[in-house]
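Chain IDs A, B, C and D follow the sequence of writing; residue 1 opens each chain.
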C-alpha cells in the first residue's frame, strides 16, 4: 500500500492542476475561470505540501510531556499557508474584476468581453478595432444571390 | 589640438553658428563663411600627409581614434565645396523665398552643417569602429535634409532611412565579425590577421561591407530610395546631397574593400570557378547600376528626379573604376567623384534656379527659357556636357580613364556596358536641356527674369571649376594620387593636362586647344564667309524641317524617344519596385500573423503550450 | 482547433508532470533546511509550533509580503469597485438566520482571537484566526441584519496592523539586531501563552490585518453584488 | 540597512490611506519621502569596499532564514526602482477621485517594495512572494483607469499571470523536493542535483512563470492589452521596471543554480522569437501606445538574448541593454501619454510641442542604436557576444537583431515623420504638461550616459563580473553546515 500512496497523491496534485488549467483555458465563463484558478492552486499547493512529508513522522508541534519524535518538514507547511493566502488575495481581486466586467458589459462570456474590449481599446487609441483570429477586420462580403454560378443539376 | 581637431571643431561649432546665421535676413548672407573657413583649413593641410587627431580614447575595450589621410582629404574637398556652394546659393533670395513660404532656414542650415560635420567625422575615421560611428552619423544626418520639403519628401526620407539602416546593420555585422574573428578593430592589427581568415569568412565580410556601403551608393538592387530622396528635397539640400552624400559609400568601400581586404584577396575569392571572381561580381553590379538607373532617368518628367536618377548611374562608374584597381581605372573612379560632384551640383542648382523662377520642375511645363535665363542655361549646358562625359569638360577625363582601364584590363563587356550607360546619359540630358531651355517659351513664363546673383554666382563658380579641371585635370589628379597612395593603389603617370601611358595618354590641354581652335575656325568660316543669319521670333520653330506655328506646342517630353523606349522599356519596368513591394508584403504578412497572436481569445493557453513543450524537451534526452 | 490543441497539450502536460513527480522521492525529504529549523525553532523563537516559528521567525519576510499582498488585493479591489452606492438589499433573511447571526458573532470573535493568540503553541495563528474574525463581521451582512463593518475603521486597522508588524521588525533593527528578528524570546516558558517573545504580538497584527482586509473585500463585493441585480 | 528599501515603501503604502485622511499634505508627501529615503539608503550602501554583502533577515543563518544579497547589481536595481517610481509617481488624472488616487499611490508603493525585494532577495520562495506582490499591485494598476476595457484587460492579465504563478510555484515545489532548501546560495552548492530533467523542468516552470511579467514570448499577450488601457505612467513602470526585475530573477537563477547550456539556448530562442515578433507587431500597430507596447516586447526579447550569453560578457551586455530600455521606454510612454491617441491624430504634434518632439527623436535614435548614444553600445555588446559564441542559433539571433533594428527604424521614423509633418492643424494637441518634463529627465539620463560613458563602462564591467560569480555569492552568503550539503536526515 505504501508504494502506491505517493504516486496516488502526486496523481491527485497533477490532476487537480490539470483540471484547473482545463477550466481556465476551455471555459468561456469568467466566474468559472476564477473557480478553475482556485482548483489549480489547490493542486499546486498539494504538491508543495507533499514536499515536506516524511514517513512515520508527526506534525511539527512540540507537545508538552511528549518525547521528541521525528517530525515532518515544517517549511513546506509554512509555504503552503503563505501560498494559500496569496491565492485568496488574487482570487478576491479577480472576483471584484468579474463583478465590474459584468456591470460594464452585461455578460460573463469571455469571447464577448474580449471583442468589446478590443473595440474599446482601439477607440481609446483613436483607431478602429483591428482584426483578430476570430473576427477578421473589415467586412467579409458574402456572395450575393447571383454572385455564384448555379451548381449544375 | 591638432589641425584635424581644429577642423572638426570648426565643423561642430558651425552647427549652432549656422542655426544662428540662418535666423536673420542680413546674417544669412554670411552663411557660406564657415564653409569658406573650413575649405581654407583643408587646403592648408597637405593631402599627402596623414593628419592625426589628438582625440582618442578607450571605451568598451575599444580604442577610438581619428585621422585624416589622402583618401579622406580627397573626399573632404568636394564635401566642403558642395556645402559652400549650397550655403552661398541659399544665402540670398532663395533663402528669403524659402523662409517666406514657411520653410525653416534654421533647420536647413543646421542639417547642412550637421551633414558636413558627420561626413568629416566619417572621412577622418581611424579604425573600423569610428568608421561605423561616422557611417551612422552620416546616414542619419542626411534624413533631416531630405524631409525638409515635407509632403512626398517625408515618405522618401523614411524609405531612405529604412534602406540606410539595412545597409548600416550589414556594416555593423561586418564590423562585429571583423572584431570577433581578428580580435581587433584597429587597421594595423586586424589587417595582419585578415589574410589568415577562411575564404567564406572573407567572402561574407565582402558581401556585408559591399552591400552595406552599396546601399548608400544606391547600387543595384538597393537603388530605389535615392532618386526621390535626393530629388524631392529643397534646392541647396538636393544639390549637396546629390553631389556628395552618397559618395561616402565609395569612400568606405575604398577604405575597407581596397585598403583593408585588398583587391588581390577579392580576385582570389572565386564565385564561379574559372568564370567569375568576387571582384567581377562587384564590377558587374556597378555596370548594371550604370545602365538601369540611367535609362530610368530617361523616363523621368521631373527635372530633379531625372538628375537624381543619373546620380545613381554615375556612382556605377566610380565603383567600376575603383574595383578595376589599376592606376588609371582607380584614378578615373576617384576623379569622377570630384568631377561628378561639380557637375551634379551645377545641374541641380540650375534646375532649382529655374524652379525658383517658374515654380515647377515638370519638364512638360517649361521650354524656351534660354532667352529669359541665359546664365542658368549656360550653367546647365556646361553641367550636362560634363555629366555626359564629353570633352572639353572634366567629366570626360574621368570617364576616359575608366574606359581606358576597362580596355587595358581586357573587359570588353564591361566597357560596352559603360558606353551604353554614357549613351543613355547623353540622350537624357539632351531631354533635360531641350525641354527646359529650347523650343517655345510658354506664355506663363513671359515675365521670368534670370535668377539672382546669389544663385547664379555659385553656379558660375562651379562652372569655372568644371572647365578649369576639365582643361587641367592634373590639378585634381595630384590629390587623387595622394588618395590612391593612401589605400595602397598604383598611381598613374600624370601631368597638368592629363596622364601619360605607354598604351596612349590623354592631354586635355592639347585636346581642348584643338576643340577651341575648331570652334574658332568654324566661327571664322561662319561669320567671315557666310554670316547669313536671320533673327526670328521664338515662336517660329522648325522641327525636323517641319514648320511649327505658334499654336502648335513644341514640347513632347511625354513620349520622348518613343522608339527606344518601346524596345527597352519592358526590360526594367518596375521589376525592382516589385521586389521591394514583395519584401514589404512579406513583412506585412508576418506582422499580421503576429498581430493575430496578440489578439487571441485565450492567451493563457500559451503558458500551457510553452511549459508542455518545455517539459517534453527536458524529459526527452 | 485551438480547443483541440489545448486539450492535447493538456493531456501531455498532465502526463509529463505526473511522470516527473514520480521521480521525486516521496516521503523521504532531504530535510536540509527543515531539520535545522526543527532543531532551532524553540531556541530561536520560543514557539512550540514549528510552523509558526517558520512563518513569523525564519520566514517572517514572507509573511510580511503576504500581508502586503492581501493589502494590495484589498486596495486594488477598492480601486476597482470604487465609491459605490450600496445596492438594494437581497431578500431579508429568516428569523433563525438573524438570531443565529447575533448568537454566533461574539462566539466567533472569541474563537478568532483565541486562535490568533495561541498560534505559537497550537495549530492555528493569525491567518486562520483572522479569517474567522472577518467572517464574524461579515455574517451580519449575509444575514441582512447589518451594514457590515465601517470602512474608515477598517482602513485604519489594516494600515496600523501592517505598520505594527514592520515596526516590531524594525525595533529589532534599532536594538542592534536585524530586521524581523524575534525579540524577547527567552521570556516566559515554553508551552505558555506568554512566551515566544514578540511572536504573539506579530500574530495579533497579522490576525487583525487579515481580518480587516478580508472583511473589507467581502463587504465591498457584497455591496457590489446587490447593485446590478 | 537595505531592509529599509523594502520596509519603507511598505510602511508608506500601509499608512498612506490613514495619513491621507488625517492630513492632505502628509498624504501627498509620505510616498515620495519614503522613496527618497530609499534612494539615500542605496547611495549610502554603495561602497565598493563592502560590496557585496549578505543580510540574514530575522537573524537566522542561511539556509534556515531568508537572506538578502546586496551587490552592485541589486543596488543598481534598488536605486532604479526608487528613482523610477518617483519619476512615474501617479498623478491626478483629473477625474477628481481622491480615494482612487490614494489607492493608486498605495499600489505603486507596494510595487516599489516588491521590486526592491525582487532585486535583493536570495531566497526562492521569498522571490515568489515578492513577485506575487508585484503582480497583484500591477493587476490593480492595470485597472486604474476604471473603464470597462481596463477591467477586462486587467482580468485577462490576472488570469494569464496567475496561471504562470501556479506553474512557477510547481517549479519551486519540485526544487524543494529535490534539494530541501530554498536559499539560492545553498541551491548553488546543490546545483549538481538539479542537472537532470527534473531540474530542467523546474527551471522551465520558473521561466514560464516569471516570464509572464518579463514579457517573455509567447506568454506576453497581455502586454498590448494592458498598456493600452492603463495610464502611460503605469505602462512605463510595468514595461520599464517590473519586467526587468523579473528578468533579473531569472538571471540570478541561471547564474547560480542552472548553468546548463541547453537552458541558455532555450532563453536565446525565446528571446529571438520575442524580438522579431514584437518588432513585427509594432510595425503594424496603429496607435502609439500599442506600438510602444509591442516594441517593448521586442526590446525585452533583446534583453533575453543578451542574458543568454555565457559569462561576464553576457551579464554586462544584458545589464546595459536592460538599463537602456528601462530609461527609454517610460520616457516614450510619457510622450505617448502627452500626445495620446492613434497615429492618425498625431500629424504635426511635434511642431506644437517641440521639446517633446526632440525627446521622441532622441529616444528613437537611441533605441535603434545611433552610435554615440547608449543604445549603440548595448547592441554592439550583444552582437559581439553572439558572434563570439557562434552556432546556428547565434547567427540566427544576430540576423534577427539586425532585421529588428531595420523594422524599428521603419516604424519609429514613420511615426517621427508624422509627428513633424505639416499636418492639418485641426487636431489640437491635448497638452497636459508634466509628462514632457519627466520625459526630459529620462532624456537627460540618456545624454548623461553618453557623457559619462567610460566611467559607467567600468562600473558595469565590475557589476557584471560580480553578478556572474556564483562562488562569490555563495562565499558572501556564508558557510553552510557541511551536512546541509551532503544530505540531511534519512
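Methods note: a residue touches a chain if its C-beta (ideal position, glycine included) is under 8 Å from a C-beta of that chain, and two chains touch if they have at least 3 such contacts.
Source: prediction; values computed, not measured.
Participant: Quick check for you: compute each chain's CA centroid and the global CA centroid, then name the chain with the smallest gap between them.
Facilitator: D
Participant: Return the chain pair with more inter-chain C-beta contacts, choosing between A-C and C-D.
Facilitator: The greater number of contacts lies at C-D.
Participant: From the C-alpha centres, identify the chain that is farthest from chain A.
Facilitator: B
Participant: Taking each chain's centre as the mean of its CA atoms, how far is chain A from chain C in angstrom?
Facilitator: For chain A versus chain C, the centre distance works out to 22 Å.
Participant: Please compute the C-alpha centroid of chain C, do the same for chain D, then give the distance between them in whole Å.
Facilitator: Each chain's C-alpha centroid was found; their separation is 30 Å.
Participant: In whole angstrom, how far does the Cα centroid of chain B sit from the Cα centroid of chain C?
Facilitator: The answer is 74 Å.
Participant: Would you kindly tell me how far, in whole Å, the mean C-alpha position of chain D lies from that of chain A?
Facilitator: Chain A and chain D have C-alpha centres separated by 25 Å.
Participant: What residues in chain D touch two or more of the other chains?
Facilitator: Expected reply: 125, 129, 132, 136, 139-140, 143, 151, 154, 156, 159, 163, 170, 177, 180, 182, 197-198, 201, 489.
Participant: If I count partner chains per residue in chain C, which residues reach a count of at least 2?
Facilitator: 6, 10, 13, 16-17, 20-21, 24, 28-29, 31, 33-35, 37, 58-59, 62, 65-66, 69, 72-73, 76-77, 80
Participant: When you check chain A against every other chain, which residues touch at least two of them?
Facilitator: 17, 21, 24-25, 47, 50-51, 73, 75, 79, 82, 86, 89-90, 93, 97, 100, 114, 130
Participant: Would you identify the shape of the chain contact graph, picking one of line, ring, star, complete or other?
Facilitator: Graph shape, chains as nodes and touching pairs as edges: complete.
Participant: Touching chain D in the complex: which residues of chain C?
Facilitator: 16-17, 20-21, 23-25, 28-37, 40, 44, 57-62, 64-66, 68-69, 71-73, 75-80, 82-83, 152, 155-156, 158-160, 162-163, 166-167, 169-170, 172-173, 177-182
Participant: Write out the stretch or stretches of chain A touching chain C in their complex.
Facilitator: Those residues of chain A that touch chain C are 5-7, 9-11, 13-15, 17-18, 21-22, 25-26, 47, 50-55, 59-64, 71-75, 77-79, 81-82, 85-86, 88-90, 92-93, 95-97, 99-100, 102-103.
Participant: Quick check on the complex: what are the chain B residues that touch chain A?
Facilitator: It comes out as residues 595-596, 599-602, 604-605, 608.
Participant: Okay, in this complex, where on chain B does chain D touch?
Facilitator: Per the touch definition, chain B meets chain D at residues 57-60, 102, 132-133, 136-137, 140, 143, 147, 150-151, 154-155, 157-158, 161-162, 165-166, 169-170, 172-173, 176-177, 179-180, 587-588, 590-592, 594-595, 597-598, 600, 603-604, 606-611, 614-615, 617-619.
Participant: Spell out the residues on chain A that touch chain B in their complex, using ranges where they run on.
Facilitator: 21, 24-25, 110-111, 114, 118, 130-134
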